[in-house]
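Input: structures, listed below.
Both complexes below contain subunit A, partnered by subunit B and then by subunit C.
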Partner chain A sequence: MNAQIAVLLGQDGISNGAIYALLALSIVLVFTVTRVLLIPQGEFVSYGALTMAAIQAGQPSAIVWLLALLCAGSAAVDVAQVLMRSERAPALRWAFAGKLLYPLVMIGLVYTLPLATLPMALQIALTLALLMPLGPLLYRLVFQPIADAPALVLLIVAIALHVSMVGVGLLVFGPGGASTTPLVDAMVEVGGVRIKGQTLCVIAVALVLIGALYLLSNRTLYGKALRAAAMNRMGARLMGISPVFAGKATFFLAALVGAMSGVLIAPMTAIYYDSGFIISLKGFIGSIIGGLVSYPIAALGAVAVGLIEAFSAFWASTYKEIIVFTLIIPVLLWLSLTSRRVEEDEA
Partner chain B sequence: MTSDLASETLPAHGSRAKTHGAWLALGIFVLLLALAPMAVPPFYVTLLNYIGLYGLVALGLLLLTGVGGLTSFGQAAFVGIGAYTTAALSTGVVAVPATFAWAQHSPWIALAAGLLLTLAVALVLGALTLRLSGHYLPLGTIAWGMALYYLFGTFEQLGGQTGMAGIPPISVFGIKLESANQMYYLIWAFVLVAALTTQNLLDSRQGRAIRALKGGRVMAEAMGVDTARSRLVIFVVAALQACASGWLYAHLQRFVNPSPFSLQYGIEYLFMAVVGGAGQVWGALLGATVITVLKQWLQDILPALLGRAGNFEVIVFGALLILLLQRSRSGLWGLVARFLPKANRARTLPVAADSLPRREMPPRGELMLEAKAVTRRFGGLVANDAMDLSLHAGEILALIGPNGAGKSTMFNQLSGVDKPTSGQVLLRGEPVAGRGSRAIAQLGLSRSFQHVRLMPEMSVLENVAIGAHQRGRRGVLAAAWRLDRQEEARLLAEAARQVERVGLGAHMFDEAGSLALGQQRTLEIARALASDPCLLLLDEPAAGLRLREKDALGELLRRLRDEGMGILLVEHDMDFVMGLVDRVVVMDFGQKIAEGRPEEVQQNPAVLEAYLGGVDE
Partner chain C sequence: MSIRTLKSVIALAIVAAAAAPALAQVKIGVVTSATGPTSLVGIPQKNTVPLLPTKIGDLTVEYIYRDDASDTTNSVTEVKKLISESNIDALIGPSGSPNAVGVIQFVADAGVPMLAPVGTAAVVLPMTEPKKWVFKTTQNDDIIAKALVGQMVKSKVKTLGMIALNDPYGENWVKVMTDLAAKNDIKIVATERFLRTDTSVTAQSLKVLAAAPDAVLVAAAGGPTVLPETTLVDQGYKGQIYQTHGAALPDFLKLGGKKVDGTILAASLMLVLPEVPDSNPSKKMASDYIAAYEKLNGSKPATFGANVYDAGLLLQKAIPIAAQKAKPGTKEFRAALRDALEQTKELVATQGVYNMTPADHSGFDDRGRELIVVKDGNWKLLK
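Our next item is the complex of A and B:
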């Protein structure tokens, strides 16, 4: 290995690692606020990549129909609830109207816009607009009815949702893989080292998103409400922070982070309907390194996963995945040795 | 009280008939199973073979997930170990050293090798993750499942992604099991043996310890259960059953490739256990049947319906499971069980069981428990500040104080749930601070909890029997093969005695969750007594009791004191405390502000100020 290859591998590792870090942060956020281990995080990644690819190919992606279906389902559940107990009807009315209008607008946009020739920024915006609502909608339909269930039940439901979403991905996007055009095609020369513009772009977007998440959770009232809900659910509820709001908000952020990660990763590697799971698993390894609670350690761990993956792909390419997944063992050993002997019961 | 008391007061009517009914149902089930291959077309025999193979794995997961509250996505990888070990050894692809040449080509020896390998992997994985909170086992098993799947695919010797063919059939007593119909009997023999041993295990001392895991580790540890070991045991048992299923699979198919051992199958196994559900052995087989048949059916109709090929059945599986868990957390078996007669576990009691050996009570007045300058800080907050406390045999001591005085923290230091920042706790002269509640329980201290910690779905008797856990010795294998019955009878007789003693005899076989709160507290005292303690720590035992129940509780505690037990109460009910106890320690702001006989303490100005506020002068 010479310096040039090392730089190349390092770039790959860091740009993949940045995406794993984003996913790790989202996983930690969702877990601390809702106790759900968001196994389907990866499906937002593959949906994001494949929706972007469909838009660039000028095809109206069928994902809009999934959006419409979930909106209709959610609206139906709302109606059923209002009929059963007539309280809170005025508050729901606006949400109800939104759930009916939003998918109509989206269907209109997807079928009328000249998708392939849109500027890239608009393509990204459209992708996000199609996918971000899936987060809160899925929370509403899947997790909200069992928000107080034991953590084990939430985990199994998360797995069930993941399995379903992979199947839906196959149905909507088909079995073929897709790559998208790079966000930036240029090469930048820094001190005699050529760096891909795409790499810089991924790192920049990841940093911006991480920074935004940080500002959101530390500087805004809504962010503080989420942190409060993460620290003490009952206490937060008594302070008037709705657990439903907290759940929907974190799922919204998870969908945003996932879809954006998909948009970022699609130019670097071909994404299939079931690729998201492996990608998010690497985010999980990052979040385990952070003990499922610490954001900065989780992010650093995820970047380390990306680097190890890139270099093991060079040295022992057949064992790349094995190396990455067995990486978890020393981490677990360390966590196991440092943890208290008998933990308090889970909430 | 004597052990034959049980025979007079227990409602034993109807239980024998029910036991007979269960055996009859099992007999009919086995008969149907035995006749099935002769009566149905080959396609259904194959389907039943797969249901058996999957059921064997689901059974292990049921023990792990449905009963123990843990979960694993790596079961398919354990199936893979069983299948690949036998594939490698019985085909002779992987050469063994010359000394072991006799072992080559024998499926049975390959089974033993696979089980040993599985045991080793499960022990390592379990040791790594089971001390951590519940989420690390599933995540660890996902990673392990992925890694092993890729490993199967990369080993050229093992055929890579294409797989290995030419696996020989199994021989039983010289008969080669070559057809699906022949394998059918072997597979279902394994399933039935696994189901019966699992059921035996659940209905035993070790089984109660496993079932208590779901109630949180704090309670189980305080009752002397080694929860880390119990968790490891069910993980290993589940892994071994999966391995056996893989061995059968390899010799049924005579061919292995990596794909049936992928994470996707690991998830499907979990679905089977969850869909069946309810912590019942038969639920696992029901789940395996439903998922296998449904998969077969959906794979036929969905591609036709959607107009293209693909594994679309997973969409339906996922959605169905989400709906099922939203509606019935105990799975399909929970729905079925509503129409079946109630489970009749341990309805009868052994009438003439010997009583268990008892601890020798310390002489009255001996110093039993001593806290020396115990301090516990939480960050800047000093919850206990240099607390001294002593408790003697044959004495009832009350620890009282206003809310937030630090009584519960003190209680936790004494019972080993928490560890003091500084200071010493001596239990019969032995320093115990930081040694954990299990070690403390073994030294003869037992306790109740401020917030009741019971297993609501277990009977009153079984809950109390958890308390007697540390008085038994028989292990998991003895329980699985029913070699523990004599000891089990003695444990249950002891538990029954304690249930009677606290006055809950009429509720012996009721679900603990159906009792009133006051009765649940009393049940916790019976559970503590079942461990044969010489020291009893009771956290607000009188809360929620009615007047007559309180009188009965006071009477019981006096009797225990007279037998030489040392009792520490944390209590708010002053009427109850003042008429009962020998000494009172009053705490406020983490410190001891007074100590003495009840009537002295009641006159103490510091105590009056703490309770009523200062008097302006």
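Our next item is the complex of A and C:
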């Protein structure tokens, strides 16, 4: 172990840690607003990576049909509620029209555009446009009907959703893995140490997303509404903040962060339809370190997980996973010994 | 329910019974992992089942297919169900090495011969009482390893580094290579492990680079074979990189691209079929299999499918011999089938020529592997 190896390992740890930090933040965001532990977060990552790979290979990805199916299902549920004259029925206006038109537009784009030759920015935009709506659609279909259930029920449903999404991933993307061309194909020399352009890109995008999330939650009205819903659900409802809107908005952000992480991680290694889970699990450790409450500590914790993973892989590669996951135990012990018990607000 | 519904139900039942297929005489259970992490192996195997012989001599053969989703508990459950409910005479599968190891005890207790198309030699070596019921239709690791080490000795390799998967496949390879390297005067200077789900093996390859070996062997199977090699190349490793037969997939070439050019591996002749001389008996078998598979599925098969096809060929030879001693569906038939499989001599199959003995239930010799090099994104025979 000399300085050069330490720098290389640190670089590797930080670039992995940046991805874990993004996932940790979205898990904390979703949990605080909706009390759902988003286990399927990893599936957004693998879907993002595999969709990007399919687009770069020029194949119209079958994910557009999943999007169409979910949009149709959501529209059907809306129509059913109106027909049954339920008091929760939404007014069938622009949002409904959007649900019907958006998948058609996407299908048209995916099948007519020359996918493989598009500039990379457009390819990323197309990937995000295909995957971001999946978040609010899944919230609408799966979690909104049980939004008031105890957190344990939400967790079990989230696990069930994760298992089905892995199965759907196998159906849509096949068992083979895929990787994409690097976003930035350059090596930068900083003080005699070679840093990959890809690493800098990952860290830059992660910082931009974290900064955007921070600005969103502190400077915009919608962001403050989300923070209010996170702090006290009943109070936010009394103030006129729709919990349904809050849920859909957080799931939208979670899908955005997940898909973007997938796009960032795809050039580094081959992603399979089931590799998203273990990546999100490491982000989950970061969010546990933040107590599922604090954003900065969750982000720092996730970066620490990345660094510990890199260094323990160097020193004891056989026990790397054991070391990383055993981290949870002292953190949980410390959290449970130092925090005061608070009655859960069953809002 | 009313008389009318009762009548229609009875009528339906009679029609269904009349339309039921004639009872098959020999039942073979097939368990593969068509979903889950091992699906890259299990899907071509599942697609080969329609190509297996359905009539052997006078007997009709029925194949009962089950998917174990790459989960070892599922494999055990499915095999137990096949043995107790479907009364199978033989089992082909499971696809994964840990799944196969988990099932051995149960097939041995029930006396059902098992043909396992798995990579690990642990299912047949060292030979124990339960393992007498297991036959392996893939090349043993030590045959591949001997070919690789032979090439290393020819290239005057003195130090070797290994990056292995942290599972039974990698473990067995480390064991086999440690033995062979010691016998051939090659020193193993670094052994690192990684997991299938790892997104980066930078640390492990840095450690291997620091030891500066003459050659590096990557012992993994499927997609994970690519990551350690591309990481080593990215970090500037200039020595020769060897792969095991676990890298014998089209995915290896697709995911590795230019970075895996020059890799040497030893694998089945199916990868370099056009270059193999016509005098090789397995060439015709393999071409026929590939043509039949392509006609049915529209794409070329991976070598994993050929392992199941070979199991079918082994059974095709052994079932008539066993049928002379006992009736299918009985315990005596299964014991006779096991004995007949063990006596297989010079059976030409797609992967090589099988010669089973009581001590060697894998049956391959040097005709079962070829030294292959990756050139310009294609497999080429190493001359």
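Please note the rule applied: the second predicted complex is superposed on the first by the 334 of 347 C-alpha atoms of A that agree within 3 Å, B and C clash if a C-alpha of one lies under 4 Å from a C-alpha of the other, contacts with A are read in each partner's own complex, and residues count from 1 in each chain.
To be clear about the criterion, a residue touches a chain if its C-beta (ideal position, glycine included) is under 8 Å from a C-beta of that chain, and two chains touch if they have at least 3 such contacts.
Only a predicted model underlies this, so the values are computations on that prediction, with no experimental measurement involved.
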{"item": "Which of subunit B and subunit C A:310 touches, first, second, both or neither", "value": "second"}
{"item": "First (subunit B), second (subunit C), both or neither touched by A:58", "value": "neither"}
{"item": "Partner chain in contact with A:155 - subunit B first, subunit C second, else both or neither", "value": "first"}
{"item": "Touching partner for A:9 - first (subunit B), second (subunit C), both, neither", "value": "second"}
{"item": "Partner chain(s) touched by A:167 [first = subunit B, second = subunit C, both, neither]", "value": "both"}
{"item": "First (subunit B), second (subunit C), both or neither touched by A:108", "value": "neither"}
{"item": "Superposition-derived comparison: subunit B or subunit C, residues of subunit A touched", "value": "B"}
{"item": "Partner chain in contact with A:279 - subunit B first, subunit C second, else both or neither", "value": "second"}
{"item": "Contacts of A:175 with subunit B and subunit C, given as first, second, both or neither", "value": "both"}
{"item": "Which superposed partner A:321 touches (first subunit B, second subunit C, both, neither)", "value": "both"}
{"item": "Overlapping contact positions on subunit A, where the subunit C interface meets the subunit B interface", "value": "167, 170, 175, 278, 318, 321"}
{"item": "Parts of subunit A lying in touch with subunit B, wherever the complex brings them together", "value": "37, 142, 145-146, 149-153, 155-157, 159-168, 170-171, 174-175, 278, 281, 284-285, 288, 292, 318-319, 321-322, 325-326, 328-329, 332-333, 335-336, 339, 341-346"}
{"item": "Contact footprint of subunit A on subunit C as seen in their complex", "value": "35-37, 39-40, 43, 166, 192-195, 197-204, 206-207, 210, 223, 226-227, 251, 254-255"}
{"item": "For the subunit A and subunit C complex, residues of the former touching the latter", "value": "5, 8-9, 12, 16, 167, 170, 175-179, 265, 268-270, 272, 274-275, 278-279, 310-311, 313-314, 317-318, 320-321"}
{"item": "Complex contacts: residues of subunit B adjacent to subunit A", "value": "65, 69-71, 73, 127-129, 131-136, 138-140, 142-144, 146-147, 150-151, 154, 216-218, 221, 227, 267, 270-271, 274, 306, 308, 310-315, 317-319, 321-322, 325-326, 329, 417, 436-437"}
